[in-house]
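Next come two complexes built around subunit A: one with subunit B, the other with subunit C.
Moving on, here comes the complex of A and B:
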């Protein structure tokens, strides 16, 4: 059934746009990490959504057990997930880095299943969320969701920090060099193995951060990784594989697009429409809206 | 392809397969739960099969139903079982997936050769599983389903346990009209049960002279409904009714607060009556209405005994899905007694004409399609940390509090 005609005016449209932009925040962190891992290692981390899920449960656990607010928990969860990323890279992923894509896909899919199953056993399938922030903030007549505003802010700051790191720090340049051409990087004296460790760890840490933010905006459940993975891929295609800054822009674009599509039609059609957009981008500019690897 | 080595691919596939297999067993993909007991060990056990969502989008609620089944088995065995034979029940996990549900019932009937079956959770799974049970002529008590589509197919072996989805919000609509609220918005998840709820509610609202200012569906597993809520805000309804399951009921309520969407009366079909709703949302859940098929305060026969036994066995309070599951067992027991047989044809006959009371309000009585007619749902409202039954009058424990205060005024 179609919705009854609701009056549309500039304020309403601005509201829809604001919701869309804020929605993009969490997507951005997730896509950023995914992108980094792919850029440096040519590995598509199919378990990335599960790393987000683990971050979300960690935030939930810290909040429920010791009353740690999620924003503070970030300081604990990011290093933890970083460590987990290092472990995964050292033990598993390093063995498939120079293999055909199918190998790494299979491996990470297996890891994803393992993590989901473990979470189902450990946490049960109940839907939970962290009742941390709620309510709306009035900005120029728009009702902005407070939790989403905060999450967006954090995501933006984290993304900017990683971008700066990649652009200007020594190891950041090493990561970019490895992404461009690992053999030449090796010849230039870059410890490529270490770069890969760093990339995976950093990517995992970003996924953990995304999960921490998601814990108080969305519902947490063991299978949640899957939905975010799809969005993550959509963001990367939109923003350009390998471009970190592009991932953020792509995420905001996806959020905007989903929001407007849901407004114009209904929430159901919006899901499909986002992927139509993907097809179009892939057809017209396969390297994404922001082109090739940069930053 | 350079660097391609078949051996490497096979090795990694095998490794992944091993990992995946480990993960799946860890997942408990097919859980066997046998509940045996009884002192009549010299008779062969009666084997009952069912699948219930233990994981998946409705795993939380499915578990309540599973616990109830297991409790009923324990209690019936304490009474000597069915016709003196102990009852054993196998409960598998269908993950709220209709295709899986159908496959599992097929397996239970053809491979495990169970004697009887009980229904799964959710109308969508029941709709598909009942095709299987109908084929094999196994009477199915739909202890977890209510969409009337289940009874529109001329099936002879499916029996309802509680009110159909279409009637869920009749109590809420009546309350709204009593309080002069005329403009209503209806949203629902696009699956079997919520569609049925929305259709029935819209028809009833229209019939009673309400104005439907907004109606829309949202996808299953939706994570964001802000655009829909923005449209609702613009339409200014007085009542918002959600044909929803637990996760979306919570999502919509939270997002309403975050986007400052205010209505005078808010109701959800599923989840609102569940204790976890208030547990997760806290003060945000206050003033929300919902239909309930059973409440602990009701003075129905055997209800106190059920409550005490459930709390003792499972260390938590039952929700109404536990009660409907338990009632399913009670009805089966009554039918077996009436037919004095475990023959499935005789049971079908008995279930069609049986009238009996259970812990649910009203009584068990079906029409000639097997649809439930005698059950009476109640409407609850969260008032502080407690639920009050606000309708019907003869079962009420409190008065409805209207209108719902604005989010910013709380």
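Moving on, here comes the complex of A and C:
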């Protein structure tokens, strides 16, 4: 979020807008997973940012140890996080899914602390980054950062793939049915428990993908998850809880807001934008800007 | 009703022992108990809003922090030409924390449980950033140094008194109709509204009272430490400990937070000293285990065994 120093003109504003939109790509992946998990089982995954953190460290490790480029590492990290998601759902979340929402909230809070602490112990609290891709490309007179452009492209493709999967595939339909009404879905012969398992695995895999992309455009450290969880939540509140398509619009919107806030003031104030935005939208329209209505 | 006799006697003995402790205890014991009182107050404060109404406040450190900075600023002569006497500074800290709770809670408490929890997570962060940015008044990230004072013993008594007040207040709430209304909000808010409970009012008042306890605790902490900075007094770890301790003892009970504070303050200090990073993970693991295997905390366990009466007074 570098603030430009050039005088304000149309080109500068376009530049700021473009970098904001690019920022939105990773947010969209992150929020998409958060949204899927919330939609299907009404669990707010407070450990979602930590799943992203794990993905980022996995990408870092693969890159440093064996020189695996992050884009290739996706093929390994996503199944890995998918498996972790299945484990979390099977061992923990499935036990509290019928209890009041606050139980699962506190449970995932515990998981997030556990993962953060374990990462601090294992990886130390140093800031790290993956030196992968650099420089910028010139698109229609705008200088776009190459790593962010690539990250946005991958995020867009993955989001589209998941959207298509949810829209047209058999299990995608089962997931959406479970999200709408688990009891009716069960009566229609859908294996609801399996749908929940799939949703958590898929959500975790998306968080892992977001982490892999974040590894070469942002800084990696054990406590990074908290900020991303809040941003992810801001995105789905903007886009509408449970609406997967809305999340992409919300993510781009948040990216734009942050980018312009960083341009107008400074990076620290831009960090606050997500929180303020989150709060205002929750108050004014709890169902989100693009959401249908509250579940 | 054996407990009707034994409980007050035990309580009186405990208070007597703690009251005379500065005469015979070592400095280490004194500061350890200061922390225990502080966490008992913080956990009771969290328990009031979150344990009774079910509205999880993930940002309770914000009230501790704002209290610490209020009393810190008043104790230095940053605002007026003279520094305020400490009881004034500490009480104002409680009032400011309650006002912050009013401003945040008035809109936020209209949100349903999980949304409130997330909103608080963001708001606490926003308060910390705001305090850090208000550099002329707060010293920013460098922190704020107060006039040095050797106040270990008075601070011990003051924090002990605060913890007692917090427990007494919880007792009053728990045994009154107000407590029942708060519990009804936790169990089914819509139903509570339907039978005529003014839910928003109850939540808001409870939130303000809860915040003022945390604010006073922060104020006393600043007075004793004579140095505060945003990362210490707004530490997420404060909220984490308050939550873990309350859940360990039993949320929505009078003595649960105290049991949690007594058991976990010392263990927490030891863990923190030996495993500076792993202790976060251990607190997280503890929350998970309690939720899965002991959702009612120690109190519920003792009640099941018949060692404690099943009463809202416990």
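Throughout what follows, the second predicted complex is superposed on the first by the 272 of 295 C-alpha atoms of A that agree within 3 Å, B and C clash if a C-alpha of one lies under 4 Å from a C-alpha of the other, contacts with A are read in each partner's own complex, and residues count from 1 in each chain.
FYI, a residue touches a chain if its C-beta (ideal position, glycine included) is under 8 Å from a C-beta of that chain, and two chains touch if they have at least 3 such contacts.
Predicted, not measured: the structure shown is a model, and the values here were computed from it.
S.K.: Does the superposition put A:262 against subunit B (first), subunit C (second), both, or neither?
M.R.: Only subunit B is touched by A:262; subunit C is not.
S.K.: What is the contact status of A:116 with respect to subunit B (first) and subunit C (second): first, second, both, or neither?
M.R.: both
S.K.: Answer with first, second, both or neither: which of subunit B and subunit C does A:230 touch in the superposed model?
M.R.: Touch partner of A:230: subunit C, not subunit B.
S.K.: Go through the superposed model and pick first if A:129 touches only subunit B, second if only subunit C, both, or neither.
M.R.: In the superposed model, A:129 contacts subunit B only, not subunit C.
S.K.: Looking at the overlay, what does A:75 touch: subunit B (first), subunit C (second), both, or neither?
M.R.: neither
S.K.: So, A:188: does it touch subunit B (first), subunit C (second), both, or neither?
M.R.: neither
S.K.: Using the superposition described at the top, determine whether subunit B or subunit C touches more residues of subunit A.
M.R.: After superposition, B is the partner touching more of subunit A.
S.K.: Kindly classify A:161 by the partners it touches after superposition: subunit B alone (first), subunit C alone (second), both, or neither?
M.R.: It touches nothing on subunit B or subunit C.
S.K.: Now for A:148: first (subunit B), second (subunit C), both, or neither, which partner does it touch?
M.R.: first
S.K.: Please work out whether A:107 is in contact with subunit B alone, subunit C alone, both, or neither, and reply first, second, both or neither.
M.R.: both
S.K.: If I apply the document's touch criterion, which positions on subunit A are contacted by subunit B in one structure and by subunit C in the other?
M.R.: Touching subunit B in the first complex and subunit C in the second, residues 96, 100, 102-103, 106-107, 109-111, 113-114, 116-118, 120-121, 125, 268, 271 of subunit A appear in both lists.
S.K.: Which residues of subunit B touch subunit A in their complex?
M.R.: Result: residues 1, 3-4, 8-9, 12-13, 15-17, 19-20, 22-24, 26-28, 54-56, 59-60, 63, 190, 198, 202, 212-219, 221-228, 230-232, 234-235, 246-247, 250-251, 254-255, 257-261, 276, 280-282, 284, 407-408 of subunit B touch subunit A.
S.K.: Give the list of subunit A residues in touch with subunit B in this complex.
M.R.: My answer: residues 1-4, 6-8, 12, 15-16, 19, 23, 96, 98-100, 102-103, 106-107, 109-111, 113-114, 116-118, 120-121, 124-129, 131, 134-136, 138, 143, 145-148, 218-219, 221-223, 227, 258-263, 266-268, 270-271.
S.K.: Write out the stretch or stretches of subunit C touching subunit A in their complex.
M.R.: 54, 56, 58, 107-108, 110-111, 113-115, 117-119, 121-123, 125-126, 129, 133, 236, 240, 243, 247, 275, 277-288, 291-292, 295
S.K.: Within the complex, which stretch of subunit A touches subunit C?
M.R.: These residues of subunit A touch subunit C: 44, 92, 95-96, 100-103, 105-107, 109-118, 120-121, 125, 226, 230, 233-234, 268, 271-272, 274-276, 278-279, 282-283, 286.
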